[in-house]
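Should a chain be cited, it is by its letter among A, B, C, D and E, assigned in written order, with residues numbered from 1 in that chain.
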């Protein structure tokens, strides 16, 4: 059970998130992708804290707590924007939101 | 996953608070269009309990129509009987025996008491109080129904009034039990009021919900407690002075705002007034025949003509419009159902309120489907 | 209102008093455990009609003379009577068939009021549920016939009045028969004088 | 093969269990995340996302950071998952299962290609760097009191900023999403 | 072997493990077995409590309404839960054809899991805590958040208008009541200095003036925080004035409309076990967990005190359910955000002042003021719209 396995797991998770964010056309699926990417980053922090020499240095853990807070705020605002977009153009497809395309 | 997108905008949902619903006081359906929580359109559907009462009455003799009136507003059978008897007496010009008039007032006020008390229980049940107030109300109502059973033979299907009086006299000891019950009633009303009127949740659920202005109530044809809650001082007992109501001193409460809370409180205050009337009536009831001997019951042929007799039923102005063509069967037998007419404003009251309020508003109008569908 | 939550507390106090009261005061608990405790019906209670017969033989002691007034007057028309005929085919004053369909009857008691011969009365037996709707809910004559003593047991005062009225009618009829017999027995001698006196005697 | 597996297992069972306690939820996490990404029905995707949040929380707890695991469970499963599910309900209730909801043309393939090249690069660095080969040290645990001291100690400014950020996000989201009633 | 009634359960456990140990069972298997035994007893106790309350609730409700309640099945109706259980199991378990059957099937499972997990951190007796976590309270709320997901799955899985509306309402209610719940629990953690329940219980030990127990509920801020916690507990377990999701009079059975048979029984069980768990947490935080109310009452074992207090709090929940009508959705949310949340902040502030003012009589007055004034102001502002007295009724002769 070395650090490599944990880092590999979080890398795969990050890849799934990125794939979702880039390939899906529904805005909410993109938000789900972002959440997965954030989760992967948190996993990295905790893995490094767990394998560090002196576990009493809690930088990793505190950083994850702050990142969870920010991620929650971001999810809330992001979805609020999606609902507003839906109310304007009656659809959540990313392609339809192309009024600025000229 | 198929949401039923209703006509106006995809956001609204069509919900049918169907005939099979725990708190619609019988088989009554409402097609409600909801935008989230608020009601945008409400279409009442009734007729599930239509038994063709008026056509049956035209096929039967005058006396045979009397037991059917019990089935109209099955919570207040004796006031229905009285309204029909009053209309026939007006049609044929029969005077009523003195003692029968007193018995009619006593039974009518007892019916009003048990109807208003049952109303309190139902409204609380609709709001989710798990039937506690309902059980207290029904415990008292049972005592009144036992009185009716010992007097008329049946708890709810009394068939007791006859043209010109009543069918049989009071059994011995009936008046004493009534007096004991009436004396104990204010204590019970205080207990119910302590449980209900100060309760913040109840105030929040009832006050300011579906207010009705006085002229809107009059134009809508409202009658009874719903009308008086809107602030209109109109009680047929005072207006027509039918029976011997002018011999009793009682007050008629009326509200100011006309919302669900006023309709609720008016019935509580009216119950207290009825207790007052009962006390006065029991004190001065005379002896004597119970039915006018000259009135014929079987093969009764009133002279041709028409009459409209109405009384202040617990739910509103209950009227009977009868046309006689000289035969022993009524030519036309029309009933003015207060529940149905009070129901006409339901949509207007409910639009804009929350779905949870629809049940409370329906409960506050206090309808009985037997009377709505006839 | 000074204490915003006080209304709710008052309500809770009422339910607490009822909760405690139900263990203490017996009159609060009005539930009857039905199969074990039977309800005590008041005297005027009524369920479905039944036919009264005097004496002990139901067929002969029957009061009903099948005049069919109750059949006409019954609002839901649930009584069905066929008059009995003797061998020679002449109608006799007794119903051969007297059925009441108690799934239709609404126990309105109008048949009791209109019956001139006090022969139909309201029973107090309410446990009439059965499995088949057609056969056992139509009570035919044998099921309907019950003795006068049974009638006295369920409606004592009303039974007493009815017997009183029947007694009075019988006496009046006997007096009339005796008077007629007396008149027939002495027609020649006193006919002129007695017949005149008879007239006023019988308005 | 089975016997020596049993022998190692009996030798130091707690260590083995400790190890599996991390790998198992991690597997669940990856499977749930993969399924969430691929799922056509949005609601199923959101529910699988919730499952992956739970699995991530359990991994944190297994790695000794209990406090963070519980916070992750509370914040993500309790709040973020619900917000996502509610926004799905509010925006697209009818055509949930019909559309493939993939970007038009070859964009999806390109997106996935980019993602996997990034993954390959990352894995390359991970497995080549010497730093990552260290074995797992003794089971460490971060007592809540220590976290509390640190939060209130030298990270207090960050905590207050986080508070302000969350309130701003709360009010902002409410204002944006509120129906502009006249 | 059993030294005193007080530690009887623990002695039995150690005796049994010693017996097994003597048969040469390796240590780690012993650890697993002891964990399983503890889990088994807890689940056994709480499921039997569930069975008992399903009949006691109907009997208490009946007695409040002056009737007898179930007394046909067994003496005083005590076999009623068995009858209900058999009925629930034998009833046909129908799933709507167009329903999302996976989500429909998983909802009761996901509902049951948090209800049982939450029992792990409640201290049942003097040193009888199944899982000694130093972030016990946070664990309680973290796992409790799972019920919202389960409610949504139930609502969405049944593919029926009523249940989706009911689910949306339930989640809105649960989320808005979770905030005051967490804050009022944190108040006690702040005063006792740790998030672990057993530390909080021991902080409530001792007796002031010899006989008054120093429970948190008896301090001004503790009483308000306790009341807020109690109200939010009612809302979290969807009971009585807040049982809007299953508002019979409106949306038939809310998110449980399309459930029948064993799945419905699981929801039912989850709701009751959840109710007992949150009652246990209320007792731990505010009523001094397993502390005896009077010093000389220590002869009665501590876990009996805990069980007694939990049953008393459960009784009050049933009593409240019998009395109060249901709140409308907007009142419910307004009550949570505009009254309970500010009041929990006030309780927080007053607890801090109480602590730093030295916990003396002055501290009591100060904390009472900090809690009392917002209560009166907010309360009157909240009920000003409905005051009874202003409503006058005219009478005419």
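Criterion: contacts are C-beta pairs under 8 Å (C-beta built on N, C-alpha and C of every residue); 3 or more make two chains touch, one makes a residue touch a chain.
Every value quoted in this text rests on a predicted model; they were computed, and no experiment measured them.
What is the set of chains touching both chain B and chain C?
E
Under the touch criterion given at the top, what is the topological distance in steps from chain C to chain D?
Shortest path length, in steps: 2.
Taking mean CA positions as centres, which chain lies farthest from chain D?
C
Busiest chain-chain interface by contact pairs, anyone?
Max contact pairs: A-D.
Using each chain's Cα centroid, which is most distant from the centroid of chain A?
C
Quick check for you: compute each chain's CA centroid and the global CA centroid, then name the chain with the smallest gap between them.
Chain closest to the assembly's C-alpha mean: E.
Just curious, how far off is chain E from chain D if you go by their C-alpha centres, in Å?
One centre to the other, that is 29 Å.
Distance-wise, how many Å sit between the C-alpha centres of chain B and chain E, to the nearest whole number?
44
Could you please state the distance in Å, as a whole number, between where the Cα atoms of chain C are centred and where those of chain E are centred?
Roughly 61 Å separates the two chain centres.
As a quick test, compute the distance in whole Å between the mean CA positions of chain A and chain E.
34
At least two partner chains per residue is the criterion; list those residues in chain E.
64-67, 100, 322-324, 383, 388 - these are the residues of chain E that touch more than one other chain.
Of all the residues in chain A, which ones touch at least 2 other chains?
none
Return the residues of chain D touching two or more other chains; collapse runs of consecutive numbers into ranges.
43, 67, 71, 79, 86
Would you tell me which residues of chain D are touching chain E in their complex?
10, 13-14, 17, 41, 43-44, 47, 50, 54, 57, 66-67, 69-71, 73-74, 77-79, 81-82, 85-86, 89, 143-145
Residues of chain B touching chain C in their complex?
These residues of chain B touch chain C: 56, 60-61, 63-68, 132, 136, 139, 142, 146, 149-154, 157, 159, 167-168, 171, 191, 194-203, 297-298.
Chain E touches which residues of chain C in the complex?
For this pair, the touching residues of chain C are 1-5, 7-8, 11-12, 14-16, 18-19, 21-23, 28-31, 33.
Under the stated contact criterion, what part of chain D meets chain A in this complex?
19, 22-23, 26, 29-30, 33-34, 36-37, 42, 45-46, 49, 52-53, 56, 59-60, 63-65, 67-68, 71-72, 75-76, 79-80, 83-84, 86-88, 90-92, 101-104, 107-112, 114-116, 118-119, 122-123, 126-127, 131-137, 140-142, 146-147, 150-151, 155, 158, 162, 165-166, 168-170, 172-174, 176-177, 179
Could you list, by residue number, the parts of chain E that touch chain D in their complex?
Where chain E meets chain D, its residues are 26, 28, 100, 102-103, 133-135, 138-139, 141-143, 145-146, 148-149, 152-153, 156, 164, 168, 171, 175, 178, 194-195.
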